[in-house]
Each structure stands twice: as structure tokens, then as C-alpha cells.
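Both complexes below contain chain A, partnered by chain B and then by chain C.
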Partner chain A sequence: MDRNQQRPRSSILDSLGEELIGILTPVSICMFTVVLLVCLLNSDPSSSSSFSSIATAAYSETDSDSPWDKLLGAFLNSLVFVAAITVATFLLVLLFYLRCVTFLKLYMGFSALVVLANLGGEISILLIDRFRFPIDSLTFSILLFNFSVVGVFAVFMSRFSILITQGYLVVIGVLVAYFFTMLPEWTTWVLLVALALYDLAAVLLPVGPLRLLVEMAISRDEDIPALVYEARPVIRDDSRLVQRRVWREQRSNVNDDDVENNVVRAEEEEEQRSEEISVPLIDSSSSSSSRPETFLEGIGLGASGAIKLGLGDFIFYSVLVGRAAMYDLMTVYACYLAIIAGLGVTLMLLSVYQKALPALPVSIMLGVVFYFLARLFLEVFVVQCSSNLVMF
Partner chain B sequence: MTVAAGIGYALLALGPSLSLFVSVISRKPFLILTLLSSTLVWLVSLIVLSGLWRPFLPLKANVWWPYTLLVLSSVCFQEALRFLFWKLYMRLEDVLDSFADRISRPRLFLTDKLQIALAGGLGHGVAHAVFFCLSLLPPAFGPATFYVDRCSKVPFFLVSAIIALAFVTIHTFSMVIAFEGYAKGNKVDQVIVPVIHLSAGMLTLVNFASEGCVIGVPLLYLVASLTLLHCGKMVWQRLIESRNQSGPTLR
Partner chain C sequence: MISSGQVWPTIDGPLGLTEEASVDYARRFYKFGFALLPWLWAVNCFYFWPVLRHSRAFPQIRNYVVRSAIGFSVFTALLSAWALTFSIGGEELFGPVWDKLVMYNVADRLGLAGLA
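Moving on, here comes the complex of A and B:
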């Protein structure tokens, strides 16, 4: 046909699935970095007992307890943690309702500073110690100060380079996730499952705080103040068919074939894109230490159709994979694939239901199931086969 | 032995697949998704097999016939799963074609379909290399190395990396052969893929004999190169055919 002769043959395969890869890449980078940190810095397993935070406030695990004690203690710990997060989220909803947006943004900048300077500094010192890197304290403090301040600006200001903002969000995710992997083992697993259930309840139930927040944000047509990673927006030339009805634009009647509306939306998107990127972090510092806990937002669609994933999801995926890395690398691969599969399923559901969905439950459940399957069944099988050099 | 040796072993098993990934697969996001999903399918098949065989493990040392059963059952299961994977892919192809019609773009070309099959095969191969070779590598990053009695000339990590490389090749290209065979209904291609997989699995059983890996590994590479040749011939023929078909219409 003439069309094939005159135009270059570009198939649909060239650009299909770009948005998905745009969100899978940072998640993979975050998980990979946390696994690397765990492998480099965790040659000494007994040091985890000195870690105290709100997540171990009810019970701190010791090696000499029986499994039932550990399970009960882990359950109490996660109950305390989920309760603290619920209270913090309701506080956030209240503040958002009273329109204290400036306060929330300032708090977000402050908590980004705390994470980058405090946690980042601690991990850098551990790495310098491990590799015997020669650096003096003055240089180190100047570098750390510069690094944290640029990070605060990246998270705080709207018109920052998107690549740097994304990079800093991933770094914040890595730092917080690494510290969460230092929790005791049983507490970590029970906490992950409890948080997955909490996320499900908070986003889908009518009284859930996250759902209230999303509905308020939609009705006011504003941004939710939370740390959210937005994949780089994709611009297409035949955008009328890659329409994704965003939950912010539900009230405008946009026809799929209406090119005019697309032009209007494109302009609108350019202005609003700046708002999308400046999303604050809500932290609630724990009482016993300064470990911040981040706000869990589900997965949703940005103004330009790019996928937004809350930073809490990054953090807890990486915590799961980091904890799997403390056992063996085989469990790491199994959990990584399970989490990616869960994320894919969630994104498919997102394109079907077109509203904000919790990103934690499917991935965490699949991840936990695959971890235990890999640990109990897979490892014995594979080691048996490959140590005899029998492969298939 | 050291970090350099560990990275060397990893690259030995996965080097060619890394270059395939960077040059072909990373260009098209859909192929990355295909790779990830076929890796997941292979992992699930391995978990199911390990669940089935768990009551019988650990097997007695130096007895080789249970391993025959193990390899036989695993290969049969994986080939059945490959057929199901192809069925799923056919449905996906229909969805993609109707999507292409809707946005008035050309339908999937032959090269697209071959690339999807290649990504699927690479996913299987990478999963094999990761689970059978890379997951046992961390001790190689330390100060010492490990030798197995039955293959005492080379370190264990080196042998498993070499075998993994052969299997990556076999998995990658037999998926292309299988997809084309199922699509065209070509009996030869359909039968040759399970035969290759089974013979490769059985050849690793030769490693049970003392110093058997000296024979087993070169034979395995023979099978891998046969797979490569057959796949190359088949793809070449297919491309020539499709060029002849579309040739006369271009004026």
C-alpha cells in the first residue's frame, strides 16, 4: 500500500509500554541500591539489636525468644506502627482540610532535609568506614550540606530539573528503606503484611484517610501534599488514543476523538505539571528516635497521564527485597520478580478502574509468598541440582 | 576468589544476553515487559517443580537415576508451559493487532513477532542463568574458591557459568524456533525444541561420571550451536519468504 512506501515503517511496538517502563526503572534502581547497601554493610548480623524506633517500641526481639513470643511481639510492634501511621494520616487530612498547605510544604522540606542529612550522613559514614575511603571531616560536612540542600530544593521547588528531582526521590527512598531493613526479622515481615492491609483499607474504604484525602484534592482540584514519584511525562503525537482519564480531570467531559480538547489539555498540563512535581513529604517523627515514617499514597495518574507512585511504596518494596537479601540472593530475585509482577497487575487495574489504587497490597503479598516459597522449596531444589552440575 | 573473579563469572554466564538486551531489547519497552514476564513464568515453573520434588529431596549422593527422573519431569513440564505461553502470546498478538488497527498504524511485522519471541526466550535464559548460576556466586566474591570432586580441573563457579551460557543460548533461540513452529504448524520445528531441551538436560547428567564434565560440556555446546544454526536458517528463510511476498506489491 502507498502508506507503507512513503512513511518509514514504524510499528506500534516501538513505543508501547513506555509509561510502565518509566515507573519500573526507578523502582528497580531503588531496590538494587538497597540490596547493594545491605550486601556491603551487613557482614555483621548482631548489630541489628541496637536499632530502636517506633516500630520496635512494643517489643524488641532477641535471639533467645521462642517463635511464638517473636510472632506475638512482632504483631504488637506492627499494631503500634500502623496505629501511629493512621494517626499521622488523619492529622494530615485535618491539616489539608484546614488548608494549611504552606505548613505542610515546609514540613516536607524539613523532613527531606532530615532524611538526606541525617540518614544520608550515617550511611555515608558507614560506607567510608567499610571501604577505608580517605576523606576529612570538613570536606565531608561541606559535601553533605550541599547534597542535602540541593535535595531540599529539588523536592520543595516546582521548576526544578525533573531528572534531579526523580534522582533525589529515589535517594530518599533508598535511605529510609535501608534503615527499615535494620528492624528485627519477624517484625519486618509482620509489619509489611500489616501495612499492605492498612493501605488496602485506607485507600478503598469510604472512611479511609487516604481516600478522604484524594476526594478532597479532587473536589478542590489541588495537589495532595505528599512525596510522590512521577514518571517522566510521555508526549505522543497521536495522543487522542492514548487518553487516560486522570482522576483530576473527571469532571470535564472529554471525548476521545476530540482533538480540540486535547490541545486545551496539553496547555493546561504544562502549567499544572509544575504543581505535580512539587509534592511534599509528610513525616511523623517517632517519639523515641528521629526515624521518619513517610506518607503512604497509593498509585494514581498524573496530569499528563504519567503514572505517579507514592514514595512509601518505593520504600516498602525495597524493604522487602532488602530483607530477602539478608537471607540469600535467590530469594532476592524471586521477590524482585514478584514485586514487579504485582506492580504490573496494579497498573493494569489502574487502567481499568481509573482511580487511585493502593500499590502495596498485591506486590507485598506476592513478594511475601514468593519469599517463603523460595526459601522453603526453591533453594533446596536448585542447590541440589547445580551442586551436582545437573541443569535444565 | 575476588570481586573481579565474581564479576567475571557473572559476565561469562550473562555477557551475551546483556549485549542482546542493550542492543535489541532495551530499544523497545514492550520487549522489556515480555522479558520480565517470561522470566516470571520460568520462575513459577521452577517453584512448582521444586514444590513437587521437595518430599524426595535431598537425594542420595552418587546415585544418578533419580536425577534422570527429575530432569525428565522438569523438561516435560517446562515444554508444556512453553506451549501455554505461546497460546497466551497469540491472544496478545490479536489484542495488539486490533489496537494497531484502531490507531491506524501498521500491524505487527514479522520482525516484531520474532523480536517478541527472542525477548521471551531471553527471559527464560536469563532466569536459568540467574537461578542456577548467579545465585550461588556470592561465595566467589570472597577470598577463596571451590572445587567439586567430579570436575576437579576447574573451579565450580567457572563450570557452572560455562554451562549456564550454553543453556542461555539454547533457551533464547529455541523459543524463537518454537514460536515460529507453532505459528506455521511446522511439525519439525515443534518437535525439535523439546528434543533439544531434553538432550541438553540429559547431557548434564554426564557430569555425574568422574571427570564427566570434560565430555559433557563440549557436547552441550554442540547442542547449543546446533540450536543457533537451525534458528538462523529458519529466520533467514522466513525473512526471504516475507520479502518475496511483499516485494511484488511495491511498485
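Moving on, here comes the complex of A and C:
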């Protein structure tokens, strides 16, 4: 194919815009839905004191404590949570090393079922309660049953409608993120920062569990059985498919505390396969019977081409924005822009470094900084201007 | 007949399933849908939408998909008839049973409305 050789080697930037949109859209939808849920269902903030999970195991915040006590308690909580996540991730690495892939897939399906049925049901009941929607229990249980079972199919089966799988992953992210916004305030912020640091360590250090996991998966050329959002692969019109394997790995450990860690890895492999791949797109009758199968395997989900973002990224971005929504919508706008900017920076770094990268740190750090800046400085400014009818 | 423009049976086009695998999937979705899962039938129809559009292309898949569509419509009609009667009829139609069946009361009774 002379045309392919005469064409200069296109850079990643050619298709990066479309791929960026493919990742930014679901992240934005997830954040928007969580903010919506928080605004609709939010009662007084003091009601969150009755919430208990592993993230409040060491210390549960009450309103009467001094700030120093709250800070200390939040540190203890985060320590416990990060320790739990580390143990769980090492367990995952061990299981993956021993090739217990079926068990991991079953566990993934089971956790999806629990999240969709349990959390989904509870949040729907909260919504029905809030709006006094006259639905009866039979219809509700049938709808919930349908929704959860099809969700498990979508997560469990490797070949399913891309749109529906993506939709269900976003829904799972929204449900878990809403659940996490019920944590006490100080704990939430310290936990987010702690998780960002943990992510940085787990992915970049040579002994980090996520790095081990990704390296094992790459060396065996398998997919990690975990809840990972995968954007639709971009097929450009010059019919050269840029094969890029980008990893963001996430793992979910359930029992009311989902635990996710994130890794991004990029590996670009090109042209040897592009010709094989472009031909079946035009005409598959000339290829042998085994060719279409391998062709579909080649650009199928999980093997190539698409940016993958772990579900934990979705969840913790949305937790940050949801917690910002509990204060005011102004902080929501600030944090949203910060997170999107952070995500863009991470994707750019990904295309430069071409190796495993954690997705949480940049966005979370920017988000936290912007939240406190907006709350401390921007609000005063805006309120003064508005009350004096100067701007806004 | 399938000409040089390949028609893919799934809505994902070249990223989706081949024809042989699709028959298997369509059949399995159709059979599982009988376990009170009309949403699965709807997903079946959505996923194999090109099969419904090109009515001559894939006879085996089309069989299952059309049956799924019919099953979904029937089930939805029945369920929405019941749900609408319930919500619109309200207390006047059902009497005190309405309060026992409506979801927010059931949730209060069973203590489901609080998280954690």
C-alpha cells in the first residue's frame, strides 16, 4: 500500500480530540448526575452523622468536636481506608497472578449486582420518597430486578452493546459516588487527598500493586477483570486504526465500601496490523473464515484502540464535585473546571510518557485547591459584588 | 443479499459481533428474557436494530429479535396498565389496600429508606 507509506506518520493529536470527548462526556455526565442527586436529596448536613462504613471506622465526626479533633479523626479514617484498599489490591494482584480469572469475573459481577440492586434501590426509594411518586411495590421491584440483572449482564459479558455497557458503568459510578458523599466533611477531603497520594504511589513505585498488576496483564496480553470504562475506539477515515492500549485499571471491592484504584498505561503499536484490519472493513468475503474473528478480536473492546478509564476515577471525581455541591453551586463550577483540566493534563502526559499513569492525583489536587480557594476567597468577592449590584 | 457493503447485525457495526455469534446471543437473550426480564428483550431489540431494519438480511437472528420485540411490547402494555391504574386510581379505586402497596410506605415499614 504505497499510499500508506507516502502519508507521513500521523501523530496522536489527530485522533486525540475525538478520544478526549469520548472520555470527558461520561465523566461530565457522572458528575452532573451526582450533583443533581445531591441537590435533590440533600437535607440538613447534620444527618450524615449516622452514616457508618469502613471509612468512618476509626472516628465518626460529630458537630461538637474542635477542628483539630476533626482533622485528626479524618486522618485516622483515611489511614484505615487506604490500608484497606492496599490490602485489597494486593489480594487482587495475588489472585490475578494465580490466574483465578473466573473468580475475579464472578466477583465483579456480584459487586455490580450488589451496587445496582442495593444502592440503586435505596437511592430510588429516597427519590420516590422525596417526590411522593405513587408507584407500587410490585412494579418497583420488577423494574429494579430488570435493571440490576441486565446491568450484571452488561458488566459480565465481554461482548455487549457498547452504549449500554458504558451507560451501566456510569450508573454504577454515580451510585457509589453518591454513597460516598454521605461521609463526614473533613473525612471526605482528607480521604480524597490520601487516595490521590496512594494512587501516585501504587502506580509509579516499582513495588506498587497496580504497577505489578498492569505489567502482569501486559505480559500475558490479557485484560484485567475489573470495572473499567472503555471509550468507543476511534476509527479514522483514512482507515488506519491507531492501535493504542491505554490502561486505567480499577478494582472494586464491595460490602458497602467500594474500593478502586487507577492506573493509566499507554502503549502504541501501529502499522503491522493496520493493513490486515483495513481490508476486512472493505470486503470480508475474500478472507478466510478465521480472519473476521481475529479482525474483530483485534479491534474489539479491551484489546486495542480505546482509552480506558477506571471506574474509581469516575467515582472520586464525582465525590469531590458532590461534596462541593453540598456547599454551593459556585464551588461546583470551580471544581468541575479543575477536574476537567486535570483530566486533560493527565491524558496529555499519557500520550507523552506512554506508560502507566495514575489518573487521580492531578485532578484531585487541582479540585481540592480550587474548592478551598473558591470557598475562602471567591465567595466573598462574588457575594459582595452581587449585593452591591456591581456584577453577576 | 449481502453485497460488498457489509451489513453488520449489531448496532455497533464492525465493533460488534459477527453473524454466527449473533445468533447465539440473540437466542440466549430471548430465552433469558422469560425470567421476568422484559428489559432484556428491549436490549436485544436495541442491540440488533440493523436486523430489524434490513428485513431480509439475517433470517435466524430476525426470528428471535422479532419475538423479543413482541414479548417486550406485551409485557410493557400489561405492566403499564397495572402501574397506571394503581397511580391514577389511587385510594378511591383500591381503598385501604393502596396505602399498603404504595412504595414509600412499604419502604418506611421495612426500614429501607435510610442509607447505611
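Going forward, the second predicted complex is superposed on the first by the 309 of 392 C-alpha atoms of A that agree within 3 Å, B and C clash if a C-alpha of one lies under 4 Å from a C-alpha of the other, contacts with A are read in each partner's own complex, and residues count from 1 in each chain.
One rule holds in what follows: contacts are C-beta pairs under 8 Å (C-beta built on N, C-alpha and C of every residue); 3 or more make two chains touch, one makes a residue touch a chain.
Bear in mind that the values here come from a model prediction, so they are computed numbers and not experimental data.
Trainee: Contact-wise, after the overlay, does A:E230 reach chain B, chain C, both or neither (first, second, both, neither)?
Mentor: In the superposition, A:E230 contacts neither chain B nor chain C.
Trainee: If you stack the two complexes on chain A, which partner ends up touching A:D199: first (chain B), second (chain C), both, or neither?
Mentor: Touch partners of A:D199: none, neither chain B nor chain C.
Trainee: Of the partners chain B and chain C, which touch A:Q384 in the superposed model: first, second, both, neither?
Mentor: first
Trainee: Examine A:L373 and indicate which partner it touches, taking first as chain B and second as chain C; both and neither are also allowed.
Mentor: In the superposition, A:L373 touches chain B alone.
Trainee: By the touch definition at the top of the document, which applies to A:D313: first (chain B), second (chain C), both, or neither?
Mentor: Neither partner.
Trainee: Is A:D136 touching anything from chain B or chain C once the two structures are fitted on A? First, second, both or neither.
Mentor: second
Trainee: Going by the contact rule set out above, which residues of chain A touch chain B in the complex?
Mentor: 1, 3-5, 9-18, 20-21, 24, 39, 238, 241, 328-330, 333-334, 337-338, 340-341, 344, 370, 373-374, 376-378, 380-392
Trainee: Considering the complex alone, what residue numbers of chain B touch chain A?
Mentor: Contact set of chain B toward chain A: 27-33, 36-37, 39-40, 43, 46-47, 49-51, 53-54, 57-59, 67, 70-71, 74-75, 78, 96, 99-100, 102-103, 105-106, 108-109, 112, 115-116, 128, 130-138, 148, 150-151, 156, 159-160, 163-164, 167, 197, 200-201, 204-205, 207-208, 213, 216, 249-250.
Trainee: Which stretch or stretches of chain C touch chain A in the complex?
Mentor: 4, 6, 10-12, 14-18, 21, 25, 36-40, 43, 46-47, 79, 82-83, 86-87, 90, 101-104, 106-107, 112-116
Trainee: Once bound in the complex, which stretches of chain A touch chain C?
Mentor: 50-53, 121-122, 125-126, 128-129, 132-140, 142, 145-147, 149-150, 153, 159-164, 179, 182, 232-233, 235, 256, 280-285, 292-293, 296, 299-301
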